[in-house]
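Going by the order they are written in, the chains are A, B, C and D; count residues from 1 in each one.
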Amino acid sequence: MLALLTRDLRLAVRAGGGFGLGVAFFLILSALVPFGVGPDRAALAPVAPGILWVGALLACLLSLDRIFALDHEDGSLDLLATAPMPLEGAVAVKALAHWITTGLPLVLAAPLFGVLLQLPPVAMPWLVLSLLIGTPALSMLGAFGAALTVGLRRGGLLLSLLVLPLYIPTLIFGAEITRRGAEGAAIVTPLVFQAGITLAVLALIPFAAAAALRVNLR
Amino acid sequence: MRHLAVHDLSVSRGGLRAVEGVSFTLDAGEALILRGPNGIGKTTLLRCIAGLQAPVAGRIDAAEDSVAYAAHADGLKPALSVAENLTFWSRIFGGKPIEPALAAMDLTALSDRPAGALSAGQKRRLGLARLLVTGRPLWVLDEPTVSLDAASVTAFGVVIRAHLALGGAALMATHIDLGLSEARVLDLTPHRAQPGAVARPASFNEAFA
Amino acid sequence: MIDLGKYAFAVVASYGVSLALLGGLIWQTVAANARARRALEDHEKGKKNG
Amino acid sequence: MSIWEYANPAKFMRTTDRLLPWVVGGAVLLSVTGVVWGFLTPDDFRQGSTVKIVFLHVPAAMMAINIWVMMLVASLIWIIRRHHVSALAAKAAAPIGAVMTLIALATGALWGQPMWGTWWEWDPRLTSFLILFLFYLGYIALWAAIDDPDSAADLTGVLCLVGSVFALLSRYAVLFWNQGLHQGASLSVQSGERMSHVYRYPLYTAMVGFGLLFLALLLIRTRTEIRRRRLAALQAREMRA
């Protein structure tokens, strides 16, 4: 399992664009929003939590189709399916690699983008925490979508259509945590829901994704 | 020791039965070559035995995790070096050393090259070297000699013979003579599936025809 | 004609949109069914003749 | 004889052939009666003539949810018992469900305009239907994208299972999200006990009518799918021979 993780991370570093591409996209988005909304602090601050979360979602979406597509093309997926490691484990590891290359940089860079969008400093820790809890679910659900569409030629657009509705609960609770953090309101309820969704997704989705992969391999 | 026993196997491709009623066994030290015209279902049969696809009917008896499968695609990452590619598969399959495999496929001198820089034949040899690091007794090979030159084919024949001598077995679909005079040959042509009604439809194309 | 009062637009538009959508769905369903039936019949006929 | 006999395509075609005229007749009779009757009901003292929209909005909304549940059941039958007609029925139902959701959304928006003063309100219920519509779109798109029917049936089945869980989850998340900002829903029409008989009977008629309409369309569409599959199967066999 560790071998698969290190290989995927190494490939992300060497192939270029694995790390950082999502963050760069996030940066562009954060820079564009004020052009659309206006530079006014009073206008930006209220929408900042939502924009940041939607931005994280889209940045995560960008690299989803790479989770399985390359391994499918070069036959690695066939070989992984015959390996002693269960396919569910391979799915989980590949989702983890996606999170480390896409989700984690977003979590770390998020305060910077929060500053750009005039997010009140008091909300920063909550933004980071909500992203830290929520983005693993985004990667895992993305792996499920990627597993469904791995054999398709024009899977990218379809992948977005399939995955984005699955992101809605995570988005709602994630933005809510940040918003409440900015207002100084009680955080616990959305935080518990957010964590619950992520845990359930991490526990159950690997089975659905592996089932979809097996169908696509035969 | 028996590595593989196939009883009355039927496999389907594109939702239609391709070959049916195939039975054979493969003991330690044996090699079996599948023959038959293009499109008869050799690849599908091999994928079934590798466990990537479920057979339509019949039984496949093989020990768990005993099959090493190699097909047209070698599963190589162009950005990784030859040694890194092989090390990865070695760790996935249980950690056999890569040096003997590199030496056997004459890749030692290339071990630090990125796999993307290899020629087609060299890539193929690296893909076959992966078989050696898996440590699995039953090799299931789909056209293993594609894009190999005559010298490499001979070298590969030697590798297979060594594998058989160590108690392994090999099941291959190939058109080329590997110089394995001891290998048995199974022609699939008589097993081509006859269209007709089936009791339990295995696919949409069978259920609605 | 019944008097729909000040909400006439909302009511008429609701019925119009709904019936148009349902009509479109029904038309598509029936047309596709006829097309599939014809295609299958043509195929089976062609096989007998040829 | 077991109920699963109907999962045999030939048997299904024979049975529905006999059944279809009755279902179509009932669907036309009851849905036309319900909708026309609803259109002719007197105005409500509070909502005026907009109350007439209820006879489209509520049956469509009800069917939008029920059709997804039916697709879930059909997908489970396919995944567990491998009955091909079941998978095709799930495929056939999806566009009907999408249209029903669209009707519920459109009538909801048109109704909301005079009641709430805006075309679109992020009311939890309307929002949930928008999300449900997205799930329908994804499901239909996945069926359309995959060439191999066996893979398509399996993958859409898995998507339907996961999608059902997330549709339900989204429903509660949306409730949480909106209550955090606004007051609750501005009006609720589904509390039947508040309604007088004048509205209740035409509403029930329309609901049964929409149910039968769905059944009729479902049977026809499933028959279409079966014929298409049969044609494809025959062609595949000839290609092979």
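The definition used in the following text is that a residue touches a chain if its C-beta (ideal position, glycine included) is under 8 Å from a C-beta of that chain, and two chains touch if they have at least 3 such contacts.
From a predicted model like this one, the values you see are computed outputs, not experimental measurements.
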Innermost chain, where centres are averages of C-alpha coordinates: A
B-D against A-D, pair bridged by the larger set of C-beta contacts: A-D
Chain A and chain C, separation of their C-alpha mean positions in angstrom: 41
Inter-chain centre distance, chain B versus chain D - centres from mean C-alpha coordinates, in Å: 48
Euclidean distance of C-alpha centroids - chain A vs chain D, Å: 31
Whole-Å separation of chain centres (CA-atom averages), chain A against chain B: 37
Multi-partner residues of chain C (at least 2 other chains): none
Multi-chain contact sites of chain B, meaning residues that touch two or more partners: none
Touching two or more other chains - residues of chain A: 218
Pairs of chains in contact (touch as defined earlier), listed by label: A-B, A-D, B-D, C-D
For the chain C and chain D complex, residues of the former touching the latter: 2, 4-8, 10-11, 13-15, 17-18, 21-22, 24-26, 28-30, 32-33, 36-37, 39-40, 43-44, 47
Residue ranges of chain D touching chain B (in the complex, touch as defined): 9, 84, 148-150, 153, 226, 229-230, 232-234, 236-237, 240-241
Interface residues, chain A side, partner chain D - complex: 144, 148-149, 151-152, 154-155, 158, 161-162, 164-166, 168-169, 172-173, 176, 180, 189-190, 193, 197, 205, 208, 211-212, 215-216, 218
Complex interface listing, chain A residues touching chain B: 2-4, 7, 10-11, 14-15, 71, 73-76, 78-85, 217-218
Of all residues in chain D, those that touch chain C in their complex: 35, 39-40, 43, 48-50, 52-53, 56-57, 60, 95-96, 99, 102-103, 106-107, 110-111, 113-114, 213, 217, 220-221, 223-225, 227-228, 230-231, 234-235
